[in-house]
Amino acid sequence: MTDGMMAIAILLPLLAGLVIFLVRDYYARNVVVVVTALTLIANSILFVVKGPFTYTPTGFNWGLVIEVLDYAILIFYLYLGFTLRNWLVLIFAVTQLIPLAYFEFVMKAHVEVAPAFVVDNLAIIMCLVISIVGSLICIYALRYMYDHEQHAHVEKSRQSRFLLWLVLFLGAMNGLVFANNLVWLYFFWEVTTMCSFMLISHDKTELAIKNAARALWMNSTGGTAFIIAIIYLYVTQGGASALSMQNIIGGTLQGSILLLPVALLCYTGCTKAAQMPFQSWLLGAMVAPTPVSALLHSSTMVKAGVYLVLRLAPAYAGTYVSTAVAIVGAFTFFGTSALAISQSTGKRVLAYSTIANLGLIIACAGINTPLSIAAAILLIIFHAISKGMLFLCAGTIEHLIWSRDIEDMEGLAAKAPLTTLITALGILSMFLPPFGMLLGKWIALEAAYRIPLAAVLFVLASTMTIVFWTKWLGRLLQVLPKLGWPFEKLSLSYSVPLWTLLVGIFVVGIGVAPIYQNFVASAAHNVISGTQIFASGWDNMSLSGTSVKGLLGYFPVWALYAVFAIAVLLPLIFVGLKPTQLRPVYMCGEQSGAMDADEYMAEADTKTKVILGGYYFQDSLGEKTLNPVVNTIAILLLVIMIGCGVILK
Amino acid sequence: MMRQLILLIATIVVAPFIGGLLFGIDRRITARLQGRFGPPILQPFYDFLKLIGKERIAVSRLQFVWIYAYLVFMVGSLLCLVFQSDFLILVFLLGFAGVSLVLAGFSTKSPYSHFGANRELLQIMAYEPVLLLLAIGIYAQNGTFLISEIFNQSRPLIFSLWPLFIAVLYVLTIKMRKSPFDIATSHHAHQEIVKGVITEFSGPYYALYQLAEWYEIVLVLGIVALFWTNPLWVGILIALAAFLLELLIDNIAARMTAPWMVRLSWTVGLILGVLNIAYIYFTKGVS
Amino acid sequence: MALMLPTILRNFFGGPATRMYPVQVREPFENARGHVTFNDDKCFLCGLCATKCPSEAISIDKEKRLLTFYPARCIVCEVCALACPGDAIDMVFKWRAPFYHKPVEVHESRGKRPRTPM
Amino acid sequence: MATRTTVPFGPQHPVLPEPVQLRITYEDEKVVEVVPVIGYGQRGIEKACELNEYNKNIYLCERVCGICSYQHSESVVLATEQLWPLDIPPRTKFLRTIWAEMARTHSHLLWLGLFADAFGYESMFLQFWRIREKVLDILEQTAGHRVIQSVNVVGGVRRDIDEAQKKTVIDTLNVVRRESDDLVNVLINDYTVKSRTVGVGVMTKAQAMALGCVGPTLRGSGVSEDARLTKYSAYGELNYEPIVETAGDCYARMKVRARELFQAIDLQMEALSKLPEGEIAIKVKGGPPANETVARTEAPRGELYYYAKGNGTRHLERMKIRTPTFANLPAVLILLPGCQLADVPVNIHSLDPCISCTER
Amino acid sequence: MGLIHNSRIKSPWIMHFDNSSCNGCDIEVLACLTPLYDVERFGIVNMGNPKHADVLLITGPVNRRTARVLRNLYDQVPGPKMVIAVGTCASTGGVFHNCYNVLGGVDKVVPVDVYIPGCSVRPEAIIDGVVLALQKLASANL
Amino acid sequence: MENIIQITKNDIVNEGKKLLDAGAKFVTAVCNDLDEKLEVTYFFSANRGVDLTCLRYTVGKDEEVPSLTGTTLSTLLIENEMKELFGLKVKDLAIDYGGHLMLAHDSPTTPMLKPKKAEAESKGEI
């Protein structure tokens, strides 16, 4: 059965993708996508039921296939570098290709590792996130891409090509989280990089291609570091056993020499997780159609980066690398939260917030206590759900008002109350109690005291988080007196993923205690105590159905949900407080016209519209001002991180 | 369980009376400082009752939701304090209350509540880090965020956390909406942004806001009192002294601007907080 | 910032400066222009006040021998009082009390023209 | 990228006691564009001046503005007298000067208070107004009314200041000087006040001249100009030199007024000590002759121009009032852009706009 | 309801609107707030915002442009509300009765409860006027 | 009034500029209704504001006149006002309030003009 499960998780997406690519019929394609999505979801649940196991494929020389494909991908990069005349892409393709060739042909390295795949609790959680959130996004993409091409008047539909890469991405991600063999892991890593390139450049506009190329070379620097780490491990630790993830984190290798490759791998993780100073590729990726952003941000791609860093946590536990990782993450959390304030494009705010949250997760990994690791895993889950949903909302809004600008979302509640409501709840779930993200932040803050600098950065960053979210929320909920009613109709392909994710936020949020107990705790434990992979019984948080009680504090989950319900949901139905009369807003006595008019009398007795814009602090927090500063600091921090690996053995 | 229920109800009922009374005293003392006679001490209650009885007019049907949420979260936050729960949760709930108020301001298309909301946001930006740092400070000192633990300690927090105490004092100024920080809504009009966030709230809705403010003042003074919990009456005296100090400061300072406030908080407040925490960190080590 | 401190402390401990108006009433200054009253026994309807009044607060009906005064129009300029040849208009130092409805004072003038016309 | 915000500021706005609208466009909170919208205070006084018998104009023009009401009545009688021209007794001239400076004292105290309120210094506002009440008391005792004195008539003044009143005035002024001294000291040196006013709303000398500014607004930018230099009424016999500050910001304009406050008290003292004996009014017969003239006085807010044209009847042919604010108002066009929303009231108050007189 | 009714009388919040007055009355309204008169003794607070006001203090004659503003502001005051015309101008137009842009007193536009005569009105008279308005409110059956 | 310089309407910009360049300050302008024509007087002050200079021109009621706002913003309000209250046809204003600087929509138009006919009658009587 494990054979089948692994095959479905990794190969089905590839297969389905090819079918979709070949079957050009809209409806048939939809059926294939939906069936694949459902299968993946079911399969991921099967993993939960089955529990942790290890797996090594037999009967076919998969190693060779992967090797060949590795070269194929890298040569494809070379080709891209030439055709796009992008020297950075070219250079970093070469820097990967040459060591890889050297590793395999000159060193004649033997890279068989057993087990090839380790399916532990962390991997299962990742698989769940990838399969469920990712599949929902694929379903969403069906209608979205249709609308997208309608709006752009594309003559020859390229939807099937798009869906191919989208679906394939899920398979690669599954492979990535299960892989134990570093070389295989590297392969899946490159597949995700390539998929992301194809998806970002999908629209074939100049900007799209430019940004895709940027994503490609930035991730290729990570790939280069990955290969160097592999070679270094192989050479210093002697043989293929050093290429097993379990061995690296399990402490069976020589710790002191291990630190440099681990630091390099952390760097790789940071590139993929778009940590500063690499945030620009993820922001550039915003040109892609929204499902791509949703996928890249919630369940795949960037999550691969944090997964790697998190996975390696025990390998660098207790060293200065750990502290450096924490500071790198915390600083990214801080820097991007500040940058987000100056953004007026919805998707860019979401992007910055994603990077910020990834920074938080990486910082948690760096803090490296059981508590912080648990926080990191919780954050991965909650973030995937909320952010996936928010991107889908952004896409839906974009197709309602054909704009991504937050300022244009004013009065959306009147036009599209349902979308607004879901978006608003999504935003609330990102930064306020009682929702999961905040629970994660709470645990993170409790854990952060080990590294006070990180704690201070957390504090500042989470304050700024409040600012940009609230700004957006306020704009979204700004209502003229007449509310839209009834709810607008959304196509099934939109509404099913949205509703599912919304329900998911509440279910996972309210049920966080049992979820934590049953999965997260043991997953965190998997991470922490690398050697005893499947051990259980580790307990740092005492739990009941209603609350999470740490050693340090008390998070009354249900009570907070109750307060939330009383505060926000109750008044919506509470008739007694409703106004008896509506009067126009105060405009210094010069408002004119009907109740909901937003005009006033100005010079020469003419009507003028009142225009309200948000605060963006372009001068003090704009990208132009802040980017040079924060990027410099971030580069320094990364250098220090790797330097710690070299110097402070 | 029964005791807790009684405590819950008692808090919800008694706190606004204390808060209202404090506001009455505030207005009376302020008047005296300005050489005026001043209103009756019970004036806030008259105001409140009058507002309750006014016509319920609004500018949008959804407007009141957020002001109501503001009230509820404020009460929730206060309950955290009274039940000696987690201090971080208290701060988060207070943050949500703040956000609700901002949303209340944003929920209309009124220029002045819009400005007010943006400034309220800046205020959150100014006081939230200080409170969170206080939480970390408390953690550093006690090894837990639980307020109940503060009560278990015999050594008052103020001895080790006095720099943070100073920082908290100007959170108090911001929260009491006093000069030099009364930038978003002041208790007196004559502001460039009219009444800021609450410009559009009238009658009963404004009463809700006042009620929330009463809870808020009790809460914030309660936080000040946490600095000396054994015996508690010293803490309460400190809180009252801080309250009086605010009234003095209000009358010897002009209103400053929002950027100035954020700058001050992010420099002085943070430095105080960070130094404080660093000191404890290096003297006590990691717990 | 502390510069203001002595002043407000002085205020606080020196007691309020407030005149407790409706309870304690300060007598108006002598010569203050409060409001005008008409003495029907002295007015002989020369009409000078009505002509000179800048805000048309007085009207004269010589036939019915009525002088009508509209207090809500009076700007208390004292012009009429100074102009009146019969000394029929008095300036009262105290201000006029507010009212719910705009009053109209109708005076039946009974005065005699003084022997030495002004 | 930052989106702009365009909103009305006024006509009913808590920091503007008078109805005037500024349509301001902001970026975040920074003002980028401002369009003044006036006309809320337009009554049509100039026209009414032609309809009225000329004596009534005094009472009408006094009510062009209730704050510098005195200067308006002085100007209107000066303008009318100059049409003949009439020979005014010296005591009258001194009395007029004393009241003018008394009015300036109250007006500057009022302004300093309102200015303090513009940046939220409520206790100081109330303190200034508390002192101001003393000045109002001596105004009422000597001239008959707190606000609208109605003491000038064509040809002289209605009331005299006797010895007892003179003593009260001097005593009160001494108290006012002492108390204001404390308070002005705070105003000038307070850190918070300085940080709200220094460098805010800078207007250079050249700009101020080009915009035709007058009064403290002009003198705050370093131009020594004052209608009192034309030596109308008794100013020729008093020791007078305008007060000038050079910085051109709100702080400088504030300082000009603060110093003028004490100067006004000094001038009153000097005038009282030099008060000549004699008549206080002369008899005037008939209407002003066909002639035209300009009367210029220095109101608290700056130079007041009255242009009058007679035609031999008891009705004037034309009366034109150019008030200080009318000259100062265009300055908002250069003061406001670039400043913060929080500084808008401070900037506006530093010009001390008086809308009622601007629109007449 | 009795409690609320009593509170109304103890907490009249005012908003002062200047139609196109000469400022004479306005500064006296403002003077009422200052230490010497301190109307906060009666719970009176100057709100500057019609939405929070109970009592409108209107100064100056209505001109053609402020008529519109005044009506707008009056509409935004939540009931029960009182209007006090402060000064001769606000009562009848006073000395400006023959100006072309002046419509007359406040009652040309909104209903007036109390008139305070005087030009300018004294702070004491304003206090009297507010007291009179409150008496009306107290006897009103609301 | 001393120092009245009679000019034509087209000279006003040049003459005004000359005075301003010489360090004078614009004070105000006065419009007079001369029944058939309008008389416009611009006042400038110099020498610490003590000396006054007047530029005066007379135009027919339907003639267009140039604006000084191109040279100095200080004439902005008064020129708008004259345009509004007297119907003086000032062209090229920096900000044109379109006749609603002071007056509302329902105010009388050009209220400062004297009633021509009535005046003629009264003159006839004399």
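Going by the order they are written in, the chains are A, B, C, D, E and F; count residues from 1 in each one.
Rule of thumb we're sticking to: a residue touches a chain if its C-beta (ideal position, glycine included) is under 8 Å from a C-beta of that chain, and two chains touch if they have at least 3 such contacts.
None of these values were measured; they are calculated from a predicted model.
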item	value
Busiest interface, counted in C-beta pairs	A-B
From chain A, the most remote chain by mean C-alpha position	C
Interchain centroid distance [CA atoms averaged], chain A/chain B, Å	36
Rounded Å distance, chain D centre to chain E centre (Cα mean)	26
Whole-Å gap separating chain C and chain E, where each centre is the average of the chain's CA atoms	21
Inter-chain centre distance, chain A versus chain D - centres from mean C-alpha coordinates, in Å	65
Shared interface positions of chain B, touching two or more other chains	31, 33-38, 55-57, 111-112, 114, 118, 188-190, 194, 199-200, 251-253
In chain C, residues with contacts to at least two other chains	1, 3-4, 8, 11, 16-18, 20, 54-55, 75-77
Residue numbers of chain D (touch at least two other chains)	5, 7-8, 11-14, 29, 35, 39, 42, 44, 47, 52, 59-60, 63, 123-124, 126-127, 130, 145, 148, 190, 192, 359
All pairs of touching chains, each written as two labels joined by a dash	A-B, A-D, A-E, A-F, B-C, B-D, B-E, C-D, C-E, D-E, D-F, E-F
Residues of chain E touching chain F in the complex	63-65, 68, 100-101
Touching residues (chain side chain D, partner chain C) in the complex	52, 55-56, 59-60, 63, 123-124, 127, 130, 137, 140-141, 144-145, 148, 150, 158-159, 182-183, 185-186, 189-192
Of all residues in chain F, those that touch chain A in their complex	97-101, 104-105
For the chain B and chain E complex, residues of the former touching the latter	27, 31, 34-40, 43, 45-50, 52-57, 188-190, 194-195, 199-203, 206
Footprint of chain D on chain F - complex, ascending	1, 20, 23, 25-28, 30, 32-33, 43, 48-50, 52, 72-78, 95, 100-104, 107, 111-112, 114
